[in-house]
Every structure is written in structure tokens, then in C-alpha cells.
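Can you keep this structure in mind? I'll have questions shortly.
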Amino acid sequence: MEQKALHHLLEQVAAGKLPVDEAMLQLRDAPFLDLGFAKPDSHRAVRQGIAEVIYGAGKTPEQIRRIALALRDQGQKTVLITRMSQEAAGLLEDTGLLDYDAVSRTGILGEIPEPDCDGAVVIATGGTSDIPVAEEAARTAAALGNPVNRLYDVGVSGIHRLLANREEILRAKVIVAVAGMEGALASVVGGLADCPVIAVPTSVGYGAAFGGLAALLGMLNSCASGVSVVNIDNGFGAGYLASMINHIGGNKA
Amino acid sequence: MEQKALHHLLEQVAAGKLPVDEAMLQLRDAPFLDLGFAKPDSHRAVRQGIAEVIYGAGKTPEQIRRIALALRDQGQKTVLITRMSQEAAGLLEDTGLLDYDAVSRTGILGEIPEPDCDGAVVIATGGTSDIPVAEEAARTAAALGNPVNRLYDVGVSGIHRLLANREEILRAKVIVAVAGMEGALASVVGGLADCPVIAVPTSVGYGAAFGGLAALLGMLNSCASGVSVVNIDNGFGAGYLASMINHIGGNKA
Amino acid sequence: MEQKALHHLLEQVAAGKLPVDEAMLQLRDAPFLDLGFAKPDSHRAVRQGIAEVIYGAGKTPEQIRRIALALRDQGQKTVLITRMSQEAAGLLEDTGLLDYDAVSRTGILGEIPEPDCDGAVVIATGGTSDIPVAEEAARTAAALGNPVNRLYDVGVSGIHRLLANREEILRAKVIVAVAGMEGALASVVGGLADCPVIAVPTSVGYGAAFGGLAALLGMLNSCASGVSVVNIDNGFGAGYLASMINHIGGNKA
Amino acid sequence: MEQKALHHLLEQVAAGKLPVDEAMLQLRDAPFLDLGFAKPDSHRAVRQGIAEVIYGAGKTPEQIRRIALALRDQGQKTVLITRMSQEAAGLLEDTGLLDYDAVSRTGILGEIPEPDCDGAVVIATGGTSDIPVAEEAARTAAALGNPVNRLYDVGVSGIHRLLANREEILRAKVIVAVAGMEGALASVVGGLADCPVIAVPTSVGYGAAFGGLAALLGMLNSCASGVSVVNIDNGFGAGYLASMINHIGGNKA
Amino acid sequence: MEQKALHHLLEQVAAGKLPVDEAMLQLRDAPFLDLGFAKPDSHRAVRQGIAEVIYGAGKTPEQIRRIALALRDQGQKTVLITRMSQEAAGLLEDTGLLDYDAVSRTGILGEIPEPDCDGAVVIATGGTSDIPVAEEAARTAAALGNPVNRLYDVGVSGIHRLLANREEILRAKVIVAVAGMEGALASVVGGLADCPVIAVPTSVGYGAAFGGLAALLGMLNSCASGVSVVNIDNGFGAGYLASMINHIGGNKA
Amino acid sequence: MEQKALHHLLEQVAAGKLPVDEAMLQLRDAPFLDLGFAKPDSHRAVRQGIAEVIYGAGKTPEQIRRIALALRDQGQKTVLITRMSQEAAGLLEDTGLLDYDAVSRTGILGEIPEPDCDGAVVIATGGTSDIPVAEEAARTAAALGNPVNRLYDVGVSGIHRLLANREEILRAKVIVAVAGMEGALASVVGGLADCPVIAVPTSVGYGAAFGGLAALLGMLNSCASGVSVVNIDNGFGAGYLASMINHIGGNKA
Amino acid sequence: MEQKALHHLLEQVAAGKLPVDEAMLQLRDAPFLDLGFAKPDSHRAVRQGIAEVIYGAGKTPEQIRRIALALRDQGQKTVLITRMSQEAAGLLEDTGLLDYDAVSRTGILGEIPEPDCDGAVVIATGGTSDIPVAEEAARTAAALGNPVNRLYDVGVSGIHRLLANREEILRAKVIVAVAGMEGALASVVGGLADCPVIAVPTSVGYGAAFGGLAALLGMLNSCASGVSVVNIDNGFGAGYLASMINHIGGNKA
Amino acid sequence: MEQKALHHLLEQVAAGKLPVDEAMLQLRDAPFLDLGFAKPDSHRAVRQGIAEVIYGAGKTPEQIRRIALALRDQGQKTVLITRMSQEAAGLLEDTGLLDYDAVSRTGILGEIPEPDCDGAVVIATGGTSDIPVAEEAARTAAALGNPVNRLYDVGVSGIHRLLANREEILRAKVIVAVAGMEGALASVVGGLADCPVIAVPTSVGYGAAFGGLAALLGMLNSCASGVSVVNIDNGFGAGYLASMINHIGGNKA
């Protein structure tokens, strides 16, 4: 409950317009839907400016469907669903509102909004195999109203591919660097750019990549400044944070 | 063998009622069933107040069936079976006594007892995906005679969902906090409650969750006091310990 | 802020006895001391029934002194300080109120209360080297009003030493099992006892003990039920939780 | 070399004003000082808008002194030195320009600039022991022209301490959350705030904290969105990134 | 090449019976079969007293068949094959000589020898799920001419089951202790027995068992003396070593 | 862009033959194919003397096909594809140019060149199960113009098998040592040979082999000099590096 | 308590010579000394044939002195003390009975017995730096009555040094292989010998040796049979087990 | 023993010039010095072309002195000693032959040879703190007769510093890339160069650098080809291998 709402409520109590017990109830009333197995946060849009998102992993297709429809019923225009299986997508097909992307395993129920800010989120990958994670970031950013600029397969083993896109890197307001294996892309991009770089290690690789651990550690130890890291394969988290940064203060100074 | 029984035996020997060699035998006689591949502990109810439980993982359906029936034959009224496959459940269906739950993969052969204590075991989860583990705890607690109170999907990313249930937390005699990812639920609940909190890390998550390791470490390092931890996904262990605590001393002081 | 206090506050507002802005202030007023570098929780005794404890590691002796005295000034009768260096103890000597124990590195400022419950907390160790951690648990339990029963050096390599104390184990309401190396003590005690066992892995050992990791993993995987685990060397946490359990419901049923 | 400069150079070559070999030289001329053992990046201010910083660990006091003076000689007004030993600070004392802070082990050679942006960087810590890392972040942010707002010792074990500062959290443009042990602070702050949260795990803790690993994993797996992570104890990195974000677009929208 | 054979060869050269170049050849002639993809060691029986064994994992059924038959052709009476799939067993069925056990996934091609020593190898397991590994050890010991004595499901959570078999433990010349989870069986057996205990950690367990790591570390840190450890799930290695020890010096002193 | 080309370009600009903006364009023009999802490096043959290779893992069969054909269209005579699935191979079958090997999962599109150097690359394995990785190295070396000499199943448990091939080891110009389990082969070969040894740990093994970690650590800690290590199962990397070394300076000195 | 003693006790009770309560007492009477902080196992010589040993790490010099003297008072002729500091040795100097070795940090209080068996324990090390651990094994074996044969610095990087001692290896009844770094010595010795090989990983090495982890994993994964492993740097454990094996059955068959 | 020597020996036996028993002796005679605590390999120069090197860690200053002098006595002109303490250096000062370098902690006893090959070994570091390891490599290469070319502090956070030295990288015959933190230098150098790159991870860094683990994993997973890795901080190993490669075939083709 926001400060302003609390103030208003107290004024009403003071004015005798709201009985004490009723005020008690409102103070305890939680701004979430209670479906028993889930409590989607309908208050998030107010609190954080971004509506509730459904993390699909570990939920049954039926659970996903029920949460998604409940959020729609609450008036949420765009419901993003990540880690969504083909089967779960199938259950929402009849709504005619679902845009499902099999590569990134994301679904968007409802409309994808027009970009509402000028800066583009630049998303770069080290290789082709990192694209599914990058697309999760890209689709998340798009669903949150950001133009997206993709630079795929520009890893450091052929650094001229990255340098060829130097201008786009220098112009960016925020960059998402997605890479597996040793994850060196983040350091090199971080050394070139003058904006925040969100590093996403991916589980691409084998052997001593240890499911993304090598890339994760590499990125955490980046010798470049301005780089921060999200979880392995967490395209959504990177896209979400990039959108937050991209929406600060209108255009880049 | 209990102290009292030992005393009695020695008295019988002293009184010449029991030959020395027979006493030898009894002293060596083990209070367990010997099925060759398994030695279920029929003595546990006497020793620990709680009857033998079957851990189903790594046992063939046929082995589970044989142990369960042997315990029933010994007079055990409620046989709890954890990590039980659908297939193993099928083998006990003909008894007409099995209550099987596919979500928690637990079977209860025989009757589920009426609660025999006043306090409820409160079971909270961080998310929807933690429910299978939580239900293992809930079903275990129920099978051991406890009322159960479920608070599901109250993770710290929307902390108002948890605070909305503050009263139940403050009233609890023991709480089971089930969470994957970073497992912060245990710390926050531990900071609010004034009763023991049993933290159950789950393997929910991906990437740097490392199969529950992140939640496990988080819970072990909880800055809140009164929190202890069981193995990753060990709903049974938490439910068992919660029941032990819940049965101490009747009602909460 | 407690439910009752909130209710009262709202009634005062409703009755016009408390201006809205004043209520705002009270609702935001935090029940803690703000020393800048620390915010000791003076509300904990109300909320959790146990007064604030000072974790000494990472605090300068001067910081410890200031927090301890501030808590005393607030009326806290017993201030427990863990991980306290000799140097920090020296700074509080002039109060004439400090009881410092160099083995467990704990200080108790003020009075050590008389035990206020019947059950004793049983504390067992695998070896002699585990005693510092065990004493941290013992001193914590004592500072919280519990009788303590010590069973030291009863590890499983000479299991007759443990079995010789079987009676005390069977009579216990709660047991703290402290062990390094492989930590098997917790499993064996857990198999014998019918009460909660709090396992404390210690960093005693070398090589593949990996600073307590081996004992920690061993205890988390205990095949005995009723065992839960706290952090490596966390004697305080075990003593605190043991006290919580020991204070439930008066005497053991 | 910037695009504009390159364009200009080519124009000069085209105009015959610059011989080919001279152009060759300039194109290869590196914008860094070459001290043999170090090549401080005098070009960084142009490229990234923030001047070169000296990472003191692993450098001898004499090396630090030489690099710092060289940068000063190049006209850099503020030279930040992190992980600086008392001994290294001593070597620069005679300049009369060094502001050294023993808690954070940072030195600032030259002037600390006036804040050049409106938003404040909010820096919160879980405990008192996290302050050295937090101060590294705070001093970095200050050296880069940011107002700083400190919220220390507001960890989740007494969550009312954090909630009491909710307003400052809601007003922030960027937050640095510094915590050791389980690092849950980042998740709770991330769930409350609507701005980017930079999580800094610290090596505070013991046992299964594994030198900050527990906090690191916890923060990487944060269930809250908008949270990203830097290296363990990397106060500098967090302060640097916070400054980058804080300087975007003037005031917060 | 054995010392004696070398001596003989040199004598023949000295006597002019063996030309130098022929001697060269013999000195370089390797005592193994060269099948290209494999070089089974036909010399091992001479060198180590135990004939070559086929480790089936990672070999195709056809490769296993070819190696097994080649060894038979060389006159090896008993060919033990471990980690053998049902499919590989099928390929050797037509020989009418294969004894295949699906539980331990071992095949014995040829005759299982009569025991040629008096002492029995005692094999104990913590639980029922450890039996496949225990049987690999048992079958290996049997194939190498040892009587085997099985004590299954005697884990420490119900220690009376183990103590009931104390006599067999005290009489043993060598014991193989097979256990997953925390692996405490090895320590307890090691504390009771006066003979070498070979500890075999198994991958039985879940969560923080980390595929046998917990049991492995527990066993390596055993506080009991006389315990050594082989690889996780390495029933073969334990059976082989047990046989070596069991064959020393005839009967137990 | 090579030094010479840059010089020429600048001369053309100086001579007025190339407009400034056109030069700008050329300086930014990247020597790679841009397929959107991939940017194969057509410049590598010029820069590194070895043409672009396709790493098949994580790419769809269709993506592999498109990259391979694009490289062929660019005039690349031999296109090596590693980690290639049977399905991907099927998609290139119609070209009539693919040589696919199911054991090593490598495809060679186009001609396998005649060896263009005298020295042979010696490839040794510890066991039969290491052959798939060894063959990836062998096929890579062959595709890059090297004679290959295979020594398979010469692990240290029967060291005479290795010593029997001592001469080939002593004659080698570079050796690839492929081994799983404890990976001791690299140390023993490294102690015998007087040329660079490239150690390839494999994921062969179980339990504490931890997917190749044991072999990797063993090889990194080799007490023999002249040994360096590539990633677990990285046959390609070893073959590539071996070819590089084998092509230095013609014949071995 | 031994079987025979139990039988005798029961006979005495049956004969009325021993009152029931007295028998109770005896049955509970533990065969250990209770010093409070330690319970040395005076029964071990009876139970395991080898007298109690003092593990000095984590014990104060005063505690070591008291335990050692108590064991002497009980009639133990040889008291072995491992991990003994110079300071602790100083405290026992006045007895005139202590033989202290600073390299292995072992003390032997009382007489070192004459060898009571024919076979020698062979102890080999990979390098010079492994000698302290090897000497702990050697001194333990000597204290337990074994002749010891040292082969130091015979690591596999110069395998001819090991092969030069092949005869001693072939003649051994049991071998202790002590090595750090990659620990390959155990595999090579295991491949040559026909007796049990006890592998002792040491913490010798740096970097990816990870304090002995690399050697430990290497030894656990040894491709040679007959090899088992003890904890890192556990020279004592290896010497103890070697003595056990060396005492079986008199001379080697 | 070399093939030729063996042939000669056999001829002498055949000719009756060498008695059989004498031949036996010679065949067993090991080409190493036996100092008891060490067996320096005087045969290595013959076998591997490079004389024995003394690894100083874990050896006492006195042991180092004795081995070094013994090798000198054997006629070895240059004795390289790595990980040599100041104290050990002091013990050899009186020889007047020691060149000791405190930064790399290496000593060279005897003459540093003139370079005997044309190509230079290029040694690059990511930062200033990596210099001690780089110098160990440089001094090793120099002691083995190689010209050395140092490129220090050219890490990827300011990639223009590396690109400015591109020509030297392109001209190199072998490159040693030394870096801590994320170790990205190896990948970027590997992508630019056309010669073998030996990557040396260093323990430079903090937090999630985990003592060099992050750099190690990063380098093992390098997306660039032609890169292989040695142990953390193993400057010696890199310098030795670089020398081996640099000596192949005279000049670079």
C-alpha cells in the first residue's frame, strides 16, 4: 500500500467515514490474487511500474493458463510468460491472443506495446547457440516497450566482427551481452561501451563450461567497469533490467 | 532394547526362569524384520514414537510392496511411503488401502490418523513450483497426526503476500519454509516468527541455482535465528521434524 | 508493530485523540536503535521472546562496546556477544559485568539468568576439538535460561562411549550434536533419540574435510529422521534453536 | 580513436595535409601511457566518460605512486585508487592531495567533485560488517559526482528496519544492496523498489558462506526482477555502475 | 617381462642361442593383445595374479564381445565383465558360457571358480538401494575365488540392525561397507571391526548427496582407523581389493 | 584488415582516388559473412592460416547446412563440422561432398587434403572409451593436412602397453594424449617424450570422475613439463593445435 | 564388551553371585577413560588389536599431555601422537620417554616396538615435498611393529626412477603411495604391483591442485585395480591400514 | 636407457665381453642421482633435451642447495630453480653463480645461455599484478635459450592497448598469455594470432576469481582455437613449453 493511500485511509478513519475494523481489513488486504497454488502480484504495476510476469518453469500448463487468464481479467493488457512449453502455449491458443516464440520459449498474451522510449536495447551474442537466451531478453524488452537492436554471433574469437559494430555499441544506452563458454564478450563490450552492460552467461558449451559456470565466473570477474551479471540463461532478467535502465530519463544524454 | 526390558530379563535370569543361553539369544535378537534385501525397523515406534517409513527411491515397486505389507502384517496402522512412483502405487492398489498423491509422490497405506495435537504445522512456499516438496511435508505431517496450514507462493519478491499472512506466522508453533532459487523466504520468515523454522531448500530454479545448492547455502547462512535446514527437496524430513516439535508439551505456551 | 498496538492506534485516530500526521509518524517509527553503523533490534524481545544478540565477527571492539552498552541502556538485562575477541572483551571489562569465555569466544554482559524450564539441552561432541563450538552452544543456551548437559568426545569410532550415555540421550527433549570430520555422530544420535537433533558441523578436520563441508553434507544427508542442520561452527544458532524447542510446552511429554 | 577524429584524419590525408606514413603512425598510436609495468588508459575519459581508476591490489606501493602521478601529469583531476594499503597511501602523502579512508581502503588523489546530478545513489547493507565494502561503493560514487545516501544494517532478520526506510527505497533512482551471509537483502529490496538494484555479495560470514559464495549465488538467483550482481566485495564496481545509471537522463522520471 | 625371464633371455644371448636382433624383438614384444581399439592385458595374470577384467562402460556391445572372446581364446578361464548392458549380454548368449546378473550389471564368461581361501569377504550395505553396487562387489569377489557374506540394509539410523551382526563383523578378515547418503556406515563398522574396511560410497540419495559426493567425503574423513575408500559406485574395485587382502597368508591369524 | 591493405587504402585516399566517405565504409567493412543468426569468419584463412570451422552443437541442422554452403560458396575447399548430429549430416548428403564419421560426430564437406608436412601427429588414448574424442582430434588433424598416428588403449594401468610404443613417442613432433578417469596418461607420456604434449581430458569415467573434472585437474597438475591442456572432450581443439605445431618449420630438428 | 565377558557375567547372575543391579552397572560401564574434555578408548587394544592413538590437531598441548599420561598410566606401552606441535612435544619432554620427529610432526611416547612381522611396508613418494606425509605413515607403521622400506621421489615425470625400484614393488606385501599434484604415482604403482596399494593424496602443489583435491580425485579414479584411498595428507591412516594388512597371515604367500 | 645403448649392451653380452649378471645390473641402473630425499633426473637432458629443473616449493633451503650443487657437479651448466625463497637464495650466494630475481622468485645457478633460436617468445599480461607469473615464464624461456618479448598490462578492458601491439602478435611463433580475473586475454589473443597460444591463468583477483579458478575455466573454454592451458600461476610450465615450440624447425615458416 502506497504512502498516499495510507494517508487517505487514515484521514477517512479520522473523519469517521471508515470504521476501525474496516480499516483493519483494508490494511491487511493483500494486493494479490489468491489462486491457492499461486498468488500473482496484481500490485506490481503500481509498485514497480511493470506488470506481473509468469515464470513458466515448474508450473503445469493448466496452472499457467489459470494465472494468465486471471491477470487478463484483472485488466493487465500484456502478460509475458517465460520458459513456456509448447504444451502450455497450446492451452492458451483458443484465446487468439497469444504470440508464442518457440526459440525463446516465451509467450505474450495480449498486445505487444508500441515502444515508448527512444533508446534501443542492444543485445549482442557470442555465438549462434546463444540466440535462444538472447531472444528471451529481446522479447522481454519488446513486451516492456523497448526498441531492440540485435548483434548476433560477434564473439571475441573473431573480434573484427564485434569491432565492425562498434558504432552501435558506442551509441547504446544499455547493452545486453549474452555469451557462453568463457563469456569474454562481456569484458570486451564493457571495455568499448560507455553505458551499463548487463552480462548474461549461457549454458552453451561443454566440459569445463560446467553448464555456464565458466561464463558466469568470467563475467563476474570482468576487468571492465560498468558490467553486472544476471543468472545463467536469464534472458528475461536481463531484458527486464535493460528496460528499466532504458526508461530512465528519456533520451540518452 | 529398552532399559526396563533389560532389567526384567536380568531378573528372570537371576530367578532361574530364563536359561543363560536363551538370554544370550534375546539380547542378540534384533527388533527388525529381515527380508534379506531390507530390514525394516519394527522397533522404531517403541524407540522413537514414530513408526517406520519407507523411502521409495532406489527400491523396486515389488520391494516397496513387500516391505509395506510386512509392516502392515506387524500391526503398523499407517505406512507412509515417500518418493513413490505411480508404478509402485499400482502394485498396492489391490489392497484398497492406499491413498496416493501424484504431486508429492507419497503414498499412505492404511488410515490417516486424526490430529492428536492442537498446534498446526504451518507450511509456506516461495513459489508455485515448490508445492510438490511442500506437499511431501504436509502429507508427512498429516500422516503423523498434525493439522496442517498451507501458505503457498508467498516469496519475498512480493513481500506483502507474506506480510498479509503475518498473523498465522506469529501464531505458529513450528513453521516449514520451502523455497528454491535464493531461498530468502526462510530468513524473512525466521525474522518474523518466534518459533522454530525448518528450512527446506528445493531444486526449483536454473543456472546458478545448481539444483538447490544456492537455496541450501542461503538457508544455512540465514541471518535470522531459530532456523535450521534439511536436505534439498526433503519435504519428508521437514514434516517429520515439524511433527516432533509440534507434539512437544501439548499446546504452545 | 503488533496487531494490538495497531488496533489501539487506529482507535485513537478514530477518536480524534491522535492527529493523522502523528499516526503517520508512529506507523513509520522503527523499533530499533539507530547507531548509524548498526541498528540493534530492541524490538526482538517483544517479537521473538529473545533479546538482541551481538554477532562480534567483523565489528570493531569499539563498535561492539557501543552496541552492548546501548542495549544495556535500553534495559536489556543479558547481552550475549558471540565471536568476541579478547580485545573486545577488554573494552568492556571496566563495566564489571562481563563474563568472558576464551574457549568459545563468547561474552555475556549482565546476569546469566536462572534456568526457567525443566528440560536440559544435551550437547554432544564427536571429539575434543569440537568443544569450542559446543561451548558456544552451551553458553548461548545457558544465557537463554536452559540447563545444559555436556557429553563430550563420544564420536562413533568408539561407539561404546556414546552407547554408555544412551540413557541421557533417550531422556533428552532436544539434543545438539556437534561434530567435524565425517559428522556421523548426528546420524547415530538421531537413530537413537526420539527428540529433535540439531546437527552442528564443525570445521575440525583436514584435507577432504574442506573446512567442515564433509560434515555439513554428511549431516544434511543423515539417514536418521528428526535431524536438522545449522551452519558450520554455528554453535550459537544451535543453542538458540535448542532453547526455543526446550521452552515449548513446559516439560517433555 | 573516435569516429570523428578518424574522419578528420582521413580528411587531412585526402587534403594532402598529412603524409600517409604519419597517418599510419597516428592510427597506430595508442591512447595510453606506457610505463612498462603498466599502461594506464588515458583515453578512457574520452571513450567512457569516466577517467582511469587504479586497482591497487597486486601492485607495489611504488607502482601505485608512479601510475597515480602519471595520470595527474596527464591532467586527470581526480584519481581514485581502490584496495590501497596504508603503506601505499603513505607514499602519496607528500603530495598533500590524497584523501585516504582506512575503512574502505580507498584513496582519492585530487579533488572530490561536486555532485553533478540530482538523484542520489542509495547504498544499503545487511549488517555492520558489510560497511567496508559499502564505503568502497560510496566513495567511488562520490568521486564520480554522485550524492550518496547510506542505509546501513537493515538486513532481513529484522525486516522492520528495512521497511522503516521504504520511502527512501521507493524514491531511489538506483540502489546498491551490499550483504554477506545469505544475501537476502537484494531480493527484498528488489521486491520493494522500482529502480535497478545492484547487488554486492560480501565475504562476510563463515562456514557455508564460503567466502561470499552463498551470498553470490543467492543474489544471482534472486526471485525479484531488476537485480543484477557484481563480484564478491566489489564495492568499486557497484559504485561505478550506479554512477553510470544515476547520470542517465538527468532526474528520475 | 619378469626378472626370471629376462635373466633367461640374457643367458640365451650369452650362449649364442639367441641372435641379438631377435632378443631386441622379444624385449620389445608386449604381452598384450592388440585389437586396435583395445589392448587387453593378457600378462596381468602373471604380473598381478588376477586375470584381465573388462570394464564395459563406454564400449560397444560388439567391442565387449570381441575382447571377451579374445581373452577366452588366450586361455583365460573366467572373464569378468562389469557395467555390462543387457544388450551386450545378449551378444554373448550364444556362447552358452555367460552368467549375467541384471541387478549388478555384471557378466561372468566361463566358470565361476570354487573358493580357494577360507576367510569370507563380508559385504554390508546401509540400505536396500545400495544393493546393486554391493552385488558388483560380491560377484567380483566370487569370480576371484572368495566366499561372500552379505549383510544388507544395516545402516546407522537403526543401529541395532548392525549391532545384531556384530559377531560376523568381528570375525571378518576384510569388510566392504557400501553406503550412500552420509555414508556413516563405514565409520561405525570401522570402529567395531579389527580388520581392513573398504568403504564404497554410492550415488544413492538426492539433493546435497550430490551424486555420492557426501558419502565419499564422509568416508574419506572417517574418524575410525583402518578405513580406505574407492570411487563412488565402484563395487568392482572394492571386491577386487577385498579379494587381494582375503588371499593374503591363508587364514586370519 | 591487414597492415598492407590499410597502407594501400590510405595511399588511394591521399591520391584522391578514394573519397573519404568510401574509405570510411571500407574501414568498417567486416571480413565475415552475415547470415543474421551467424557471422562465419571468411577472413580466418588469411588471418590465421586455417579456414573457418563449424562448431555444430547448439545449432539447428538447417543452420549448419546454411553456414556450410555459404562457406563453400566463398571458395573454402574443406569445411570441417564438429559435434555434428546424424540429422545434420543427412541435410548435407545431397551435396555428395560430405564425409561423415558417426564415432567422432564430425563431418568434412569437400576434400580431405593431402598431408602437407612430414611429421605425424601422434594420438594416444588411455582406453577404448576415449576413442570418440581421439577420433575428433584425428579427423581434425587430417582435415588440416597432417598424417596421423593412432596409439589407442595404452593407459597406465598396464604400462608395458605404453612402453612398447616408446619409440613412436620419442619420434613424435607433437603428441595428443586423450584420457578420462585420472588422466595419468598425460604425465607418463610427458615424462617420456621430448615434444609438446597436448592433454585432452575426457568425460569417460563415473562417480568422482565428475564428468572429466578429475582428469582435467590431473592433467593441469602434471608433474611432467611440456604438457598443456584443452577443455574436456575437446578433441577438435587438440587436433587444431597439434596441426599448428606440426606445421612449424617443416621437419622436426 | 566381548561376547565371552557377557556370557560370564550372565552366568554369574544366574549363579546368584552377581546382584541384578550390579550387573546393570557393569553392562553400562564404558571401557574408556573419562577426562571430561576427552574419553580416550582404553578398550581399543582389546577390540581392534591396536592401542589408542592421540590425534593432536585441535587439542591444546596441556590436553595432549594429560591424555598421553593417562594412557601410560593405564599400562599402554607405546602412545603415538600425530599432528603434534613442537610446543606440545615440549610439555612431554620431562618424561624422558618422548621420541619427537619435527618433519612428520609425530611423537612416540614410550618404546618403539621391535618389528613383529616379516613383510615390510613399502612407502613411495612422488616428490621430495611429500616426505612429511610419508614419514607420518612410516613412523606410524614403525610404532605398530612393521619394518619400513622408503622409496622417495620416484614420481612419474621420470618414470625410470620408479622402474628402477620395480623389484621392491613386486616383492611388497602392501604399498603406501604418497603423492600430490596429479597423484599419478598411485596408478602406475597399482599397475605394476600385485599387492594392495594405499594411496595418500597430499596437499603438495598449487593452483588447480586445490589443496590436494586434484591428487585425491586422480587416485579415486585410478584405472589400476587394488588401489584404495585415504584422506589428503593422512599419513597416519595409511600407515595404520598398511600395518593391519601387513600383519595378516604372517608372511606373504 | 636409449635404444642404441641397449643394442650395444646386448652385442657386448653376445660377444662375451659383458657377463650376464653385470648386464643385469646395468639394465637396472637408474640414470638419476639418489640423494635419499630426492632423485634429480640427470638423464633428462638426454631424454628430453632440457636439463633438470628444481621446483623449490616444499623443499627446505638446504635440500635445494644440495640438489643444485649435485646437478652442477654432474656437469649441468644452467640450473633453474623456481618458487625459490629469498632464504634459499641466500644459501647459494656463496657460489657466486646465482642470479636471483625476487619478483618471479626464480634463481638461475650458472650461466644464462645465449639465445640459440631466432623466434622470440612473446609474453603478454592482462595487468600489472600478473607480472610475477609472467616473469617466471620469461626467465624460464631465457634460461632455455630463447629471446623474450614482453607485452605487459594489455588486458581487454582497454583493448586498444592490445591492438596497438597487433603486429608483434601476428609475427610471433608462440605466445604466452598471462591473465587473472576472467582471463579473457587468451581468447582475444588467440583470435588475433596464427601461432600456438599458451594460456596461464593467475591467482590475481578476488571474490569469485576463486584463486584463479575463474581465469582457468575461462581459458579452458576459450572460443578461439590454438589455445591450450597450464596450471594456475604456472609461469615455468608455460615458459618451458614455449621454448619447446620455439625450438621446433628453426625459423617460423
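When the chains are written out, they are named A, B, C, D, E, F, G and H in that same order, and each has its own residue count from 1.
Assume a residue touches a chain if its C-beta (ideal position, glycine included) is under 8 Å from a C-beta of that chain, and two chains touch if they have at least 3 such contacts.
Computed from a predicted structure; not experimentally measured.
Undergrad: Based on CA centres, what chain would you say lies at the far end from chain E?
TA: Chain D.
Undergrad: Please pick, from C-E, A-F or D-F, the pair whose interface repeats that of B-E, with more than half of the contact pairs identical by residue number.
TA: Selected pair, repeating B-E: A-F.
Undergrad: Any chance you could check whether G-H or F-H wins on number of contacting C-beta pairs?
TA: Between the chain pairs G-H and F-H, F-H carries more contacts.
Undergrad: Take the average of all CA coordinates in chain B, do the same for chain G, and state the distance between these two points in whole angstrom.
TA: 41
Undergrad: How far is the middle of chain C from the middle of chain H, if each middle is the mean of its Cα atoms, in Å?
TA: The separation of the two C-alpha centroids amounts to 54 Å.
Undergrad: Using Cα averages as centroids, what's the distance between chain A and chain D in whole Å?
TA: 25
Undergrad: Do you know which chain F residues sit against two or more other chains?
TA: Residues 127, 157-158, 192, 207-209, 213, 216, 220-221, 225, 231-232.
Undergrad: Following the definition at the start, I'd like every touching pair of chains, please.
TA: A-B, A-C, A-D, A-F, A-H, B-C, B-D, B-E, B-G, C-D, C-E, C-G, D-F, D-H, E-F, E-G, E-H, F-G, F-H, G-H
Undergrad: Touching chain D in the complex: which residues of chain C?
TA: The contact residues of chain C facing chain D are 1, 28-32, 36-39, 41, 43-44, 55, 57-59, 63, 201, 203, 211-213, 216, 231-234.
Undergrad: In the complex formed with chain D, which residues of chain A make contact?
TA: Where chain A meets chain D, its residues are 3, 47-50, 53, 167, 170, 173, 192-196, 198, 216, 220-221, 225-232, 236-237, 240-241, 244-245, 247-253.
Undergrad: For a test of understanding, state which residues of chain E touch chain C in their complex under the given definition.
TA: Counting only chain E, the residues touching chain C are 126-127, 155-159, 181-184, 187-188, 190-192, 205, 207-210, 213-215, 217-225.
Undergrad: For chain C, which residues are in contact with chain G within the complex?
TA: Residues 127-131, 152-154, 157-158, 160-161, 163-164, 167, 204, 206-209.
Undergrad: Okay, in this complex, where on chain D does chain F touch?
TA: 6-7, 10-11, 13-14, 16, 19-20, 23-24, 27
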